[in-house]
Every structure is written in C-alpha cells, then in structure tokens.
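Before anything else, here is the set of structures, which you'll find just below.
Common to both upcoming complexes is subunit A, partnered first by subunit B, then by subunit C.
And then the complex of A and B:
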C-alpha cells in the first residue's frame, strides 16, 4: 500500500471552518448547519474541539468535511460545491412573482370570527371588482418574468362574483396565447355556493379548489359562522363533490388554528383523513385583521401553538405508519429547505421575502398590495404595503416602489440581526409584514418575535425527530421531494 | 459460465495469421452474420466457422473448425497425416478450436495471436454486455481493484478495440469500454470514440473511468465534442469526502479531481453514472455518501452500488476490503432509500438475492457477466435462481457466509 490510512487523516489544526452556524437543540446535542442548510448533529464538546482545532475524532471530521462545514486549507472543491448549491437555491429569484391574487369581491355570506376582510351587508357593486380593473390587473400580471403564473381568486367569497371569475379566466387564457406561460387557476372558496355550473367550469378549465376546513363539525362551525350554522356540512359536501367530479387531488383544504383548536389536533387531522385529503397545513393564526384585536381567538402564546403543532405532526406520522398517506404541508416546505437545494419559495418562509416578488394582490378596487396580509393591514387603516393601483401605476412603478423595496432589503435574513448568525437561517424566511404589524419595523427584534419563536420551535422539533426516529427521517425525505 | 479464452490447433496455418481480429460467420448464412459491407474494416477479417465437418465455402481469410471432430483431433496435435490431408482440402488457413470454444457463433469476434495457439473471444453476440479492455494502466490503485494496473506499453489494445468496433455485428447494442484508465490515453480514446461514431453511431457506449482526467476542461470539451448520441461514463465515488476516497483509490488528490470531472461532464450535458463498490471501508459511509450525491451531484443519470469481485488486488487485500453482504444490509438499504427517494435511478450490482434485503430486490440487477458468473450447488433448489446473477467464479471461495436457497 502506497498510501496509509493515516496519511489521508486530518492532522490536528489541519482544517478550517467553512461558514457554519450552530444551535443547541437539547442538553447534549448541537446542530451545525452550513451555508445552504446541510446539517450535522454533534455534542457541545465535539463542537468546541472542532472549533478549537483539538478534535481527534476522524470519523466526525470526515462527516463535517462531507457536509461542507470544514475544509482542508488549499482545497477548492467545497467552496465550488457550496456555490453551486447556493446558486441552485437562488435561481428562482429572477423569475419573480408567480402568484397573482385577485380579490374579486369582499362580500361573503360567512361571518367567521377570525376573518380580516369580508363584508356581509353590502350593495353588490360597492365591493366587487370590475372587468376594467381586472383587465388592468391581468396586464400587470403578465408583465411578471415568471414562466408560471398562478391566478388565485379570493374574497370575500369569490363565488359571489362568479361571472368575473369566468371573465378573468377566459381573458387570461386569451392573453396567454401571446405570452405562452404555464397558467394555473385556483379558487379559494368556502364551497357553500358550489353548484353544477361552477363545477363544470372548474372541470373545463382545470381549476384547483382551495377551501377552509378547521376540523370537526363543532369546532369548524364555532369558528365559521353563517346563517343556518351549516358551514362544515357545506364544506364537507363540497369537498366530496369536487373530489368526485374533478379528482382527488383537485381540492385541498386549509385550517385556521384558534384557541378552541389547541387541544384537538388529532381530531382535526382525522377529519382531514376521513375526507381523503392528503395534506394538512397546521397554520398559526395570523395577527392581522379582526384577529389581531383579540376577539378572534388569537390569545394563546406561541408555545401552546407549538404543542398543538407537535401533537398534530405526531398524529400525521401515526396515520402514515398505518398506511394512510398524509403530508403536513409546513413541515414539507421546511423539509425541502433542509434536505434539498430547492427553495419552494413559500411566501411566508423565504428570503428575500415573498412580498411582491413572490405574490401580488389586486384588491377589488384596483389597489395593489405586496401580500394578502398587507391588504388586511390596509383594511385596518395601515397602507404601508400598498404598492399602487392598477388604474395609474405601471409595472415598474409597482416593482421598484419604496413600499416594496424597503421592506425587502431591510428584512433579508442573511443580514438581519440575529438571523444572520442563526443556524436555521437557511430554513427560515423574512416576514417584514408580520414584523411591521407586530413591532412597527420591517426587520423586527427577533428575540421578541413570535414569528421567530414559532419557527425556531418547529425547526428544532423537526431536527430532533429526524435525529431520533428513522421512520420520521424517511418520511421527511419523501415530503422534501 | 463461458470460457472466453480457448486453445487452438494452429497446425493448419501455413504462416502467421493474416489478421489478429476476426468476426465469425457461418457458411450457410455468410450474408446474415451481421457484417456491414459499407463499413470500414477489411472484408477479409471474416472467419468462417465450420461445425462437424461442414464443407468450406471459398473466399474467407480464415476457417475455424469446431465440434467433436476438431475437439478430438486437438488431443492428437502433431498427427500430421490427418492435419495435412485436412489442410490441403481447405480453401484457406485453418484453426481448430478446443471444446471450450464450442459456444462460438456467428457474430462473435475473436482475437488470434500470430502463432494461432490461442483464441480469445472479444465479443459474444449473445451476451447482454460486452466490454473492450483499452489499457491496463491506471493512475488509481484501488484497494479492491479486480483488474490490477500494469505499467507497460499496451497501445495495441486501442488498435484492437478499433478493429472490433469496425467488425461489430448488426444488432450490437451496448459496448463497454474499460481499463485500466482509458482516459490516460486521451488522443487514442477520443480517436476511438470518433471511430465509433463513424462506423457504429447507434451503439450505446458505457465508458468506465476514474473521472480524474475530466477535471481538465479541455479534455472534457473534446470528449463531449465527439457527439456520440448514447454514451455514459461510469465513475467511482467511494466516499463523500477526500480522506477516505483517496485512501481507497490510493491516490492523494483523486477525490477533488474526480468530482471536478463529474461537474465538468455535467456542465456539458454528458451522462454520468456513479459507481460505488461496497467494501469494508465504504459500508459505514454509504448513507452519508448517498446524501452527498443527492445534495451535490443530483444531476447524475444513475448510481450503481456494486458488490465486491474478490479477484485481483481484492484477494491480497482481503482483510482490508472484504465485507459480507449479509452484514451491511442496513447501511445499503438506507443509502438506497435516500437515493431512490430523491428520484435518482439506483441499481444494485453483483449481489446474490439471498443475502439482499427483500426490500432491495427491485433494485438488484443480474449484472455479473455471462463469462464469469456461476451458481453454487445449494442454488439448485433456489426459487429465484433465474432472477439472480449468481456469484463471481473469479471470487473463488471468498463468498458470503450466508448464501442459501430461497424456498
């Protein structure tokens, strides 16, 4: 043998640290992450020895070298591979703004406790979008460089202005003959107004249905009030109709967590499973609109929500073990960021933030907002995230406005205080709207931020489970794809 | 198992054989042996195979006699009377083949050295895989190398390969190019690939290389510029970091060059397969290696996880490299899970099904070449024998202790 094993081992002080960040996830375990979020678990003593240059554990040093956390002076490959991975992660950025939200009406026949925006007793034309407004919005939407455009119809209850939904769909398809983009449509609806005509239209245009389902009947109907107290029955019947008519994967549901949900995670998951829904998005309540004022069930702290999240995740894992495939959507977004070089570009968990460059919102009256939350703040009188109006703003006006660029640049996690040094930075995102709403500035003080505390909790939970449970690790690998 | 080298009785030769590489045809279907008349290569390099005293049609540069008659007579070499009368009745030079070459058939390609005492089969038309050895030189010296490098001038191997490619029978689909390290002879290799594109552009070519030469962008550019429609290079990566990889291949700096080579190939849209030999040192890092591939080299066409062939350097290094497959199923399964989940085509080569986790069977490929696979006595009652690649005859007795028939 020409080359002894020892000759390729790392000598004492024979390595340099690559950019790495660390976080203690429990008493004897620290997670190290590199620039793109590859991670290795070590003990606190091991971390000290690696940083001090006194480590003699060749197996550990080899693992850190493989994960591009350390390198030998002079080698160039680790930096090149890190650069490729970082470029891969960032490559979606030039293709900005894939999601365009059309608020076709603010009217709604529901009076949900946590709703931020809807109006009930309004004259028809007062809160409906017009064709003229919609046409201008479409023209702006097609200016986006993204080769994929998703047009999402929101409200209020968008089916209350179904003629405009039809009109926009036809007009977008017509305009796309020239642009050749990959076009997709989503209707966010409570399904109460679903009828044969709408189903036929959705079938023809391959429209995806996104609905709300908070869990079991009493929980759902307690949150989502409408005359007849039958919101849950309407939603469930609607989901079944869509599944039968359009296919299992053409309808998904979102739940909103309220205080009443917190002890009922397993029941909520089971409701989804019984309906054959394959994904649950365990969401926190948002601090906007009516919800922020404290009468919307938002008065529970982050730690209670984390307990709820953990319980829900456990139930989902258990269902998978029993052979019922189900995905927790938030974990799957994070898994992608932990285990692959892709950034799914989820608006609330990406940096630069997803406002404007990930999504644009066209309000019924033609006002343009950088995000749905920005629109909700405006309904409360804070128009910080209003970028302009379809009636007299050009695409350049909107995308180069201070109202967009300031929050984007001031919140980038790679430079934000506490984010820049956080081990979870590659998994997390910038949320200037949240921090503006809760703290009055786009960056926010992360030590006091509920956004930070919640996400740190989720990352830590997922990492611990991956470390300890092979089944969970495999599941998360699958969700990451 | 087929024997690819056999004895021959050269007493029917008047002098040195006119050529060293011949394609075999049968007298009754000389036109359908697959020879293309429009292709480069001496038309005379067609040898006519006569079985059991068939009449010899005129016009061939060499006649091969096979069958009982030839076999029997081989035992009586020097029986000049019968040989003499036979030769005089033939329209050209005659070689009589030993019984181990009874499998020779139309479309096979053989190598006949000057003296004619030996015949080597270079191409078996009926085989799923055929590979041509291009050199025995290598700049790696892998601990488990089954084909230990020899540092001697063997440029003739490239010439021979070129002739084989010229003579390839119709229906030849897949060509393996192996070594040694073929890229050590950059000009010869590029020339051979260009030749291949000229005379057999339909071929699916699989080149085995340690990948280091591809770290040179200019060489990689030339390789890609050949423009073969279907070529893949199989490159071994044994560890996710240089320390272990360089030790296994016994060459400092090899990992960095190999991975650079893979990146250069990918940047030019060239198909790359990663080959991992599972041995004592690679077993513990298999999951980490899989994760490294998924994260850093996700563009590769496939990963092959290969069982050890206990021949060549693997024998003297046996204590250093041997791992019983039954003892590494956990690591192997975890690596396969990581790769397959990430959508990377994953195959397991050279593993007997009876020592493979049943969950991994869908990934197992009957990969051991026809000429060096065999089954043991205990395999006779095995229910999955036909789906199994068997064992390497070249591995001798160094086999898993856990081989057993599957009921």
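And then the complex of A and C:
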C-alpha cells in the first residue's frame, strides 16, 4: 500500500492545472469544476495551494486528478477524455430540432391571471390554425435532421380545436412512413374539455398529456379562472381519468409560482403527491404577457422565489424519505448536467441556446418563432424572435435567419462575460429571449440578471445539499439517471 | 494614498458622497501586482452592488466605488471588492495557465464530429 502510494505521489509542483473554474459555496468551501462540470469541494486554502503548486495533500491531489482538474505533465489521456465528454454533451447540436410546437388555436375558456398568451374568446374561430397552415408546418418539421420529433399541441386551449389536433396527428403519422423518425405527441391542456372521444384518441395514438396544476384548490382557482370557478376540479378529475385510462406516467403537470404560492410550497407538493403525480416542476413566473400586470402574480423577487424553491425541495426530499417517490423536475435536469455527460436539452439550460435548434413554434397564423417565449413577446408587439412564416419561408430561410443566428451566437456562455469564467457554466444555459425581454440585449449583464441570480441560487443550493446530506446526494444521483 | 503593500488592494479612503448619497470609497491597487483585466472583470461582477471607476495614477490603478444603496457599510464594500479582485486575479491566472490545454480539448472534441470532413469534401 505504501509502495503504491509512493509510486503515484505527486511532488510539489509535480502537476499542472487542467482548465478549471471555481465558486465559493460558503466561507469554508469552494467548488471546483472542470470543462464538463465534474466537481470537487475544497477549502479556500486548498484552492490556493493547488493553484500555487504547493499542495502536498496526496489524497486531495488524487481526487483532483481523478476529476480531471489537474494532470501530470506530459499526460495525454485527460485531454482526450475531456474531449470525448465534451463532444458527448454537445451531441444534440447536429440533430436539431426535436420539439415542434403547434399553436392550433389562441382560443381559451380560461382567463388565467398570469397567462402569457393573448387568449381569444372561445367563439372566435379566426384564431384557429387551418389545415393548410398545419400541413406546411409539418413539412418544415420533417425537414429537421433530428431522428426524434415531438409534436406538442398548445394554445390557447388546443382541445378547442380538437379536429385539427386529430388531423395533424394523422398527417404526421402518414408523412412519417417516408421519414421513419421516432414520433411523439403531447397535448398541453387544462383538461376542462376532456371527454371520452379525446381520451380514446389519446389512448390510440399514445399521446402524452401535459397539464397545469398550481397546487391546492383555492390557490389554483385563484390563479386560473374560468366560468364556474372550477378549474381545479376539472384539472384533478381530468388527471385521474387520464391516469386510469392511459396510465400513471402518461400525464404530467406544471405549476406556476405566483406571490400567493410563496408560503405554500409544502401544500403544493402534497397536492401533487395525493394525485399520484411523481414529478413537480417548481417554476417561477415568466416575465411575459399578462404576468407583468399588477395583478398578474409576478410581484416577488428572485430571493423570495429561491426560499420557496428550497422549501419545496425539502418537502419533496421528506416525501422520498417516507417512501413516496417524487422528483423535482428542475433539479433532475440540473442533476443530469452535474453528474452525467448527458445533456437533457432543456431549452432554458443549454448553450448554444435552445431557441430554434431545440424547439420551433408554429403560430396559428403560420408565423414561426424560435421559442414559445419569443411568440409571447410578439403578442406584446416585439417580433424579434419571429423567424418567418410557413407560407413563404424555406427551412434554410428559418434556420439561417439573422433572427435566429444573432441571438444564438451573441449569447453563447463560453464567451459571455462572467459566464465564461463561471464554475456553473456547464450546468447553465444562455437565455437570449429572457435577457432581450428584461435587459434589451441577447447576452444580458449577468451581474444584474434575474436568470443568473436564480440559477446560481439553485446550483449553490443543490451543491450544498449534496455536500452536507448523503441521502440527498444519493437521491440526486437517482434523479440524474 | 499609496497602497500599503504588495497584496491587491492597499490604501482606502472615503472621498465624499456619490449620487445615491452614500459615501464613495477609493481603493488603490499596485499595477505590479494587479492587472487591469482582473479589475475590469471585478467591476463587472459587482455591478449589482456598486459601480466602479478605474483610473491610472502613477504606479497604481485607483478604483472609486459608488455604492448603489446607502445602507451598505463602507468596510463591507471594500471587503467585497477586494475579495472579488482576489478571485478575478486567480481566475485570470488559471485561465492563462490552462489556455493551451483548453484549446487542445476543444480542438480534439470538434475534430471528430464529421463536420471537418464534410467541409473538406465540399470545398474540394
């Protein structure tokens, strides 16, 4: 044992640094990350000793070497391994674009306080997508090099134009006979209009249902208003029907945090658990559309949301300890990026950004947007992220447009101020739509950015908990798989 | 005022009231020990708490800190900025030392994507 140790012991100045970045987690702890986000915790003194070349702690040096943070001069394997991992993380890029969102109608029978879309009354059919527009959008979607295509139906409330949902599904399946892609469908619906015909269709086509559930009845109905004030009752009944007919895993729900949610994290999580939902996505409100009005629900800052997030995460961990499996979806996305070489491709946490190359949005009128948030900005009068129209734009026009390439190139985190030297860069992403909307440029000043503050807060929270709580570390590993 | 020693951030003094009514603070850094890049990165990173004016005076970079809020104590601001400068010096040093390896890793990563061959065929 002593011989082995002597043989691998590194003398003072006997190693060289590999590209690494650091972040002070608290007064006694610094996290070091390598080019692909593998991390090691050290003390501030250890950081100084390693950078100065004076460290003599062989156990620490061995950990740093194993995590590709240092190497013995002349070694080539670390660079080769890092290159393979880096390439693995970026392998989604040549396969753009996987997600295609069809806004089949702007009509909606809800009037949610934070709605980001300019909803139209349920009777105004001129805000429905036509078959001609949908066909052209499908032709563009199938031009994508991605072997996996996910078609997501959105609105408004897409079930108000259910005949077109049915038509697009059939047409996509027909077109796919030639293309042979892995095809999946999602309906993003409030479930109020769910009936036997729709359920049968979803069963037949193996369609996934994504719905909204803000938490307990009073909270949900206060946020999501509809005639009869029964949005929660409709959503809960719908979730149960889908679970019974299609299976537990065929329905998932998203929540939006309003100021009314902030003190009720545990109740929100418990509502999900009681319904047998296995995942919660603790989402802050987006700074678009009606959410920005005084009564839109966005009257809280990042620090307050982070308190809410931490409380919600604690409750989810507690449920898991009690044997109730539950995942916080945002943490699980980050866990994949922290603990594996897979990139889950979540649009907000990728660099280059996920706009356009991760998702394309076909609006009811044929306009094409780089993201759903880009469409929301257009509804507010800012058409910066409009890439073209299905009626007269080719696939090359869209994907090579300045409207897409400028925000992509200007926001890449490996070159953005502060991001380039941030230890969390491998976990984070560029969000040019958010920064354009809130700061007026695609890169954003990260020291002043709510996106940066929020994500730094979440990364730091997860790392602290991993460092201090073995159960949490094991749980996060499971979420990462 | 000259810096007290070789470590980044030496002498400091309050020089009056800034636009928020809070006291401005001046810190001098010896150009022999602190590079301008690290100072500029620091000024960028602390922009939520203060704005920073950087001037060259003799052998020093003289930084004037303008707090954004009145309720931040002067000492807290000095420590915050000095700590940030120390970290940025370290980051600049690590980046400089590891730049060739970083470039090598990226070159290796993107040399085996198939994109290079496609380009070569297309240009032939």
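What we mean here is this: the second predicted complex is superposed on the first by the 468 of 481 C-alpha atoms of A that agree within 3 Å, B and C clash if a C-alpha of one lies under 4 Å from a C-alpha of the other, contacts with A are read in each partner's own complex, and residues count from 1 in each chain.
Keep in mind that, in the parts below, contacts are C-beta pairs under 8 Å (C-beta built on N, C-alpha and C of every residue); 3 or more make two chains touch, one makes a residue touch a chain.
Because the structure is a prediction, the values reported are computed rather than measured.
Peer 1: Should the superposition on subunit A be reported as showing a clash between subunit B and subunit C, or a fit?
Peer 2: Pair status: fit.
Peer 1: Quick one: classify A:10 as touching subunit B (first), subunit C (second), both or neither.
Peer 2: first
Peer 1: After lining up the shared chain so the two structures overlap, which partner does A:417 touch, if you call subunit B first and subunit C second: first, second, both or neither?
Peer 2: After superposition on chain A, A:417 lies in contact with subunit C alone.
Peer 1: Check whether A:474 is in contact with subunit B, with subunit C, with both or with neither, and answer first, second, both or neither.
Peer 2: first
Peer 1: First (subunit B), second (subunit C), both or neither: which does A:90 touch?
Peer 2: second
Peer 1: Under the stated touch criterion, which partner chain does A:80 make contact with: subunit B (first), subunit C (second), both, or neither?
Peer 2: Both: A:80 reaches subunit B and subunit C.
Peer 1: Once you lay one complex on the other using chain A, what is the shortest C-alpha distance from subunit B to subunit C, in Å?
Peer 2: Shortest inter-chain C-alpha distance (subunit B to subunit C): 13 Å.
Peer 1: Which subunit A residues contact subunit B in one complex and subunit C in the other?
Peer 2: Common interface on subunit A, subunit B vs subunit C: 80, 84.
Peer 1: What part of subunit B is in contact with subunit A in the complex they form?
Peer 2: 141, 143, 239-244, 246-247, 250-252, 255-256, 259-260, 263, 284-285, 288-289, 292, 294-296, 298, 337-338, 341-343
Peer 1: Going by the contact rule at the top, pick out the subunit A residues touching subunit B in the complex.
Peer 2: 1-3, 5, 7-10, 38, 58-59, 61-63, 65-66, 72, 75-77, 80-81, 84-85, 339-341, 474, 477-478, 481
Peer 1: Quick one: in the complex, what on subunit C touches subunit A?
Peer 2: The touching residues are 41, 44-48, 87, 90-91, 93-95, 97-99, 101-102, 104-106, 108-110, 112-115.
Peer 1: Would you pull the subunit A residues touching subunit C in the complex into a rising list?
Peer 2: Against subunit C, the touching part of subunit A is residues 16-22, 24, 35, 47, 51, 79-80, 82-84, 86-87, 90, 94, 417-418, 421, 445, 447-448.
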